[in-house]
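Several structures are given next for inspection.
Here subunit A shows up in two complexes: once beside subunit B, once beside subunit C.
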Partner chain A sequence: MKTVRLVLTRTLFYVVVALVGTFFVLPLLWLLVAPFDVKANLAVALPTHPTLANFRAVLNNAFAMRALTRNTIIQAGGTMLGTTFIATLAAYALSRTAVPAKDLLVYMLMLFSSVVTGTAAMVPIFLLIYHLGLIDTQLAVILTLTGGLLPSGIFMMRDFVEAIPRSYEESALVAGANSFQVFRDVVLPLVRPGMMVVAIWAFVNAWGTFLIPFILLRSPENMPASVAIYSFYTEAGTPIITLVSAYALLYTIPVVVLYLLVNWRYGFRFFGGIKR
Partner chain B sequence: MDTARGVLSRRGGLLFLAPALLFIAIFILFPFVWVFFLSFTNQTLTGATAVNWQFVGLANYRDLLNVSKWMHSGEFGNALVITLKYVVGSALIGQVGLGLLIAALFNRRKGILREIVFTIVILAWIIPDVVIAFAWVAYLDRDFGTLNSLLHVFTPAQIDWLLEHPLESIIVFNTWRGTAFSMLLFSSALATIPPSYLETAEVAGASAWQKFRDILLPLISSHILTDMIMITLWTFNTFTPFLLTGGGPAFKTELMSIYTYRIAFKYFEFGRGGAIAVVVMLINLTLALGYLAILRRQAVRS
Partner chain C sequence: MAKIVLEHVFKQFGAVTAVNDVTLTLDDGKFFALLGPSGCGKTTTLRLIAGLETPTSGRISIGDTDVSDLPPRARDVAMVFQDYALYPHMTILDNIGYPLKVRGVPKSEIRSRVNDVAHSLQIAPLLDRRPGQLSGGQQQRAAVARAVVHRPQVFLFDEPLSNLDAKLRLEARAFLKHLQQEVGITSVYVTHDQAEAMALADGIAVMHQGKLVQVGSPLEVYRRPQTTFVAAFIGSPPMNLIPCRLERTPEALFLAGRDFRLDITPLRPSVPTDLANGATVTMGIRPEHLALVPAGSPQAIPGRVYVVQPLGSETLVDLFVDGATVCVRLFVDEPPHLAEQVWLQPDLARLRLYYASGDLAM
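What follows is the complex of A and B.
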């Protein structure tokens, strides 16, 4: 009796896992086969003659490649640098000064930043950037994304900063270093793993973002890949699937590589609100 | 034990904090205040009201909440109801349910199967929006889509999912897209439960379902609550379905975010867009505060 139940439970387990796995993997299959098929459409079919011709066509498209290898990297890289350094400074300050109820403060800030994003912030952010004269600049995208990511970045960074024993800093102070030197020479090297995690998180977020550049940018030469992908359309307005799929795969690879890197190096641990 | 003092003075701390405060003030607090102000004006991007805008009092709100038409398609009430269905369906039922299921299935289990399932679910979550949107448009396509070719085994009907079942489609889409967050949160919560809790139940002959319902579920209830509020706020603000349906057909998938976008960036009516944003923020803020209150009560009790 007991073995029967055990066998049934095991079988049920594998059936459910198979169903869940299928549900999640099916929509991704197209992205894996279409780029290698010169006759690709919206169907998932193993190409009879796998080819890299689609990638060659994409690589020869100067506009699309500038979007991917220059604009997206500038915008995601700028956001990454800004978020990481500002969040590290802030997390350190919050950790090492006596501010009353700072835990609640950071938590509320993070919640509040979730409230004032996307829908609600769309209009005032646009007007703010408009009045600052920054419409259609990459800087506008970097600043806006950095502002939006900072609260969560600080939240994630705090764990890492709290984990550093204060005694190192105290001995450096006794030796006559000032706060800035302590931060640069003692704290920064110790929180590097945390900074890596926040940096990758911010980079991946900014890399994939669509709405902010879509609203704030106008001219083609500033578009990141997320907006530029919509240029692979025929004059009739239908997407050229061969090019779209190849470009989509190229655009996706860095995100997957970074995920695998984080997973291998640190384990994909759970950090507060890691992605939005 | 006063370890906080001495390492960093209050002035030094403020200096380190200054860049973050500046950013948060400009890009989070200021928009929050400005949008209130905007919502009482008739400001537009172009035309006479771009420069010579006026205060119009509550006119924008009266227009949004005009009972005689607000439930018509393409109006505010329509978007609100669609958003609520979308949040309840895709986040509170879809992502929480599926996240719990996967986390519970692989609780205290290691190995290749877990790695594979977790990796696929996480990939669905981290791949850029536009790529996912194209993949789903292909997946749901009437003539070539993977879904219809699979269903073809059971029925000859060719369904155009995004036209015939638009809201259901984006609800399933968003469940697929966002489950990873809940899955990760629940699986790390389950991992903290001592195995001894379950061993006693096993000796007593409890089934897997009973163990889940009576032991695991109550122990992670606060995590479920945390998860629910976070994903509710995020889901309320998602714009990605725009890339699948553009809000259509006939406004059937016009979420609040897409509605705001249409009013503010297609018609450039910033005053009205501001009023929508204020209502959305107030709903979100209520949710967030309600959540903080519940957390507080739990903290007091324990």
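What follows is the complex of A and C.
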């Protein structure tokens, strides 16, 4: 009796896990097979005649390619640099200065940032950028994305900065360094792993973002890939599956490469400060 | 090379007064120790001199300059931290050269000066390594090298030997003293180890709960502790403090305990007159100033042996006297046995008397 129960529960467990797994894996599998099929549809099936024609068609679309190779990189790269740099400075200041109710400030910052973003802030952000005269510029997108990612970025950097013992900075101060030299020579090198984490996180977040570029950009020359993918839809509004899937695959490649690179180089271990 | 003067320096952290009205003059070229138990304010005082903390009130001068409001880099001091604080991502060469780098010294000169200092401290072969690859003693010498290389006016040491093992500590102690005597730079050394302070310093300032309790040369502080706190802190083992009663007659003076009565008439001129007959005092006598005498000897204090600790060069014997524990240093081949009744005779010339308040009377 007991073994029957055991076998039943085990089977049930595996069935549930398989279903959940399939739910997640199927779209990825589709992404791997559909671009190579001239007659691609929404089913996951190995192509009868694998071909690169879809890719050729996509690569011929200058607008879409520029979007992918230039605009998305500018926006994601700019956001990455802005977020990392500002978050590091802010985390350093927050960690080393005595601001009253500091913790409360940080938590409120995080709270508000998660509430007032994206859809909720769509109209105010548009109006703000419009009044700044920055509509239809990459700068607007970079600034808005950076602003949205900063609270979480600061939060992440703070832990890394806190882990550095203060005696390194004090020793540099007594050695004769000013605050900037202390930051550049002592803090920055030690906090580099944290900066890498924030940089990659910001890059990946900005890479796939749709709403902000969609609202703030007008001309096709400035559109990133997330918006440009719509150019592979027919006038009627239905997606051309072959082209959309090929473009989507190309779109994911840089992020996958980045992941593999970081994993190989750093192994995703997070080094804290080393106390001597 | 500079004199350091602290005038009525206070430092408060919220409700806590870490440094309480400290006035101190540290002479040029001398090695000065700030000594006291944990939490007495000695490290805070050192950090005030360094500029890592700003005094709540009071003034600090180095040389002829009032530095109270100046940042560390304007004070021309160098500090060796308890954990050495060698930058882990830089080589030893870059570590030692850092004070020169931030002052804009050209690279070639940095290299030659660092080489000189490294040679004199015997760490020249280690210049291309990282701090993590060095032993504790080597790291300590690298930290000292970094302090020495830019020839400051003042050296500050924050318990630099506490992370070393016992043998290395003794070697490093001798090396530091020799170094200071050679370069002649005014040095301030914070420690809780009284033997270290005694061995190294030209002058000691004993601190307790933020206040200066006594300032003087090591021998002065050792021979004439101003309070029972200093008496019990300096010396290993510390001074014996035995509560007793002063008995004054027109011709004689006695110290009376439960089991003994010492005639201290020869010391009468030195005993303050405000100690009346029957006054409660504390008698202070160091373990090495008590001699073992046969039973029945005059001027003897009886005690029962509680523990015997043979140290090789000497034997420490703890005894119960009047209910309190007294320690005596013996240099005999046959120490007494456990629970044996013995008699101790104090050297009257070395006797100290303290008021009930703890201050020195004689």
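The rule is simple: the second predicted complex is superposed on the first by the 236 of 276 C-alpha atoms of A that agree within 3 Å, B and C clash if a C-alpha of one lies under 4 Å from a C-alpha of the other, contacts with A are read in each partner's own complex, and residues count from 1 in each chain.
Basically, contacts are C-beta pairs under 8 Å (C-beta built on N, C-alpha and C of every residue); 3 or more make two chains touch, one makes a residue touch a chain.
As the structure is a prediction and not an experimental result, all values here were calculated from the model.
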Which partner reaches more residues of subunit A (counting touched residues only), subunit B or subunit C: B
Who does A:190 touch here: subunit B (first), subunit C (second), both, or neither? second
According to the stated criteria, A:25 is in contact with first (subunit B), second (subunit C), both, or neither; which is it? first
Now for A:50: first (subunit B), second (subunit C), both, or neither, which partner does it touch? neither
Tell me the contact category for A:177 with respect to subunit B and subunit C: first, second, both or neither. second
First (subunit B), second (subunit C), both or neither touched by A:115: first
Residues of subunit A that sit at the subunit B interface in one complex and at the subunit C interface in the other, please. 170, 173, 274-276
In the complex, subunit C touches subunit A at residues 50-52, 71-73, 77-79, 81, 83-89, 98-99, 102-103, 131-132, 139, 146, 150, 156
Residue set of subunit B touching subunit A in the complex reads 2-10, 12-17, 19-21, 23-24, 26-28, 30-32, 34-35, 38, 98, 101-102, 105, 113, 116-132, 134-139, 141, 143-147, 149-150, 176, 179, 181, 184-185, 188, 207-208, 230, 233-234, 236-240, 243, 256-257, 260-261, 264-265, 270, 273-274, 276-278, 280-281, 284-285, 288, 291-292
Residue ranges of subunit A touching subunit C (in the complex, touch as defined): 165, 167-168, 170-178, 181, 185-186, 189-190, 274-276
Would you tell me which residues of subunit A are touching subunit B in their complex? 5, 9, 13, 16-17, 20-21, 23-31, 34, 41-44, 85-87, 89-90, 92-94, 96-99, 108-109, 111-128, 143-144, 146-148, 150-151, 154, 166, 169-170, 173, 179, 182-183, 204, 207-211, 215, 225-226, 229-230, 239, 241, 244-245, 248, 251-252, 255-256, 259, 263, 268-270, 273-276
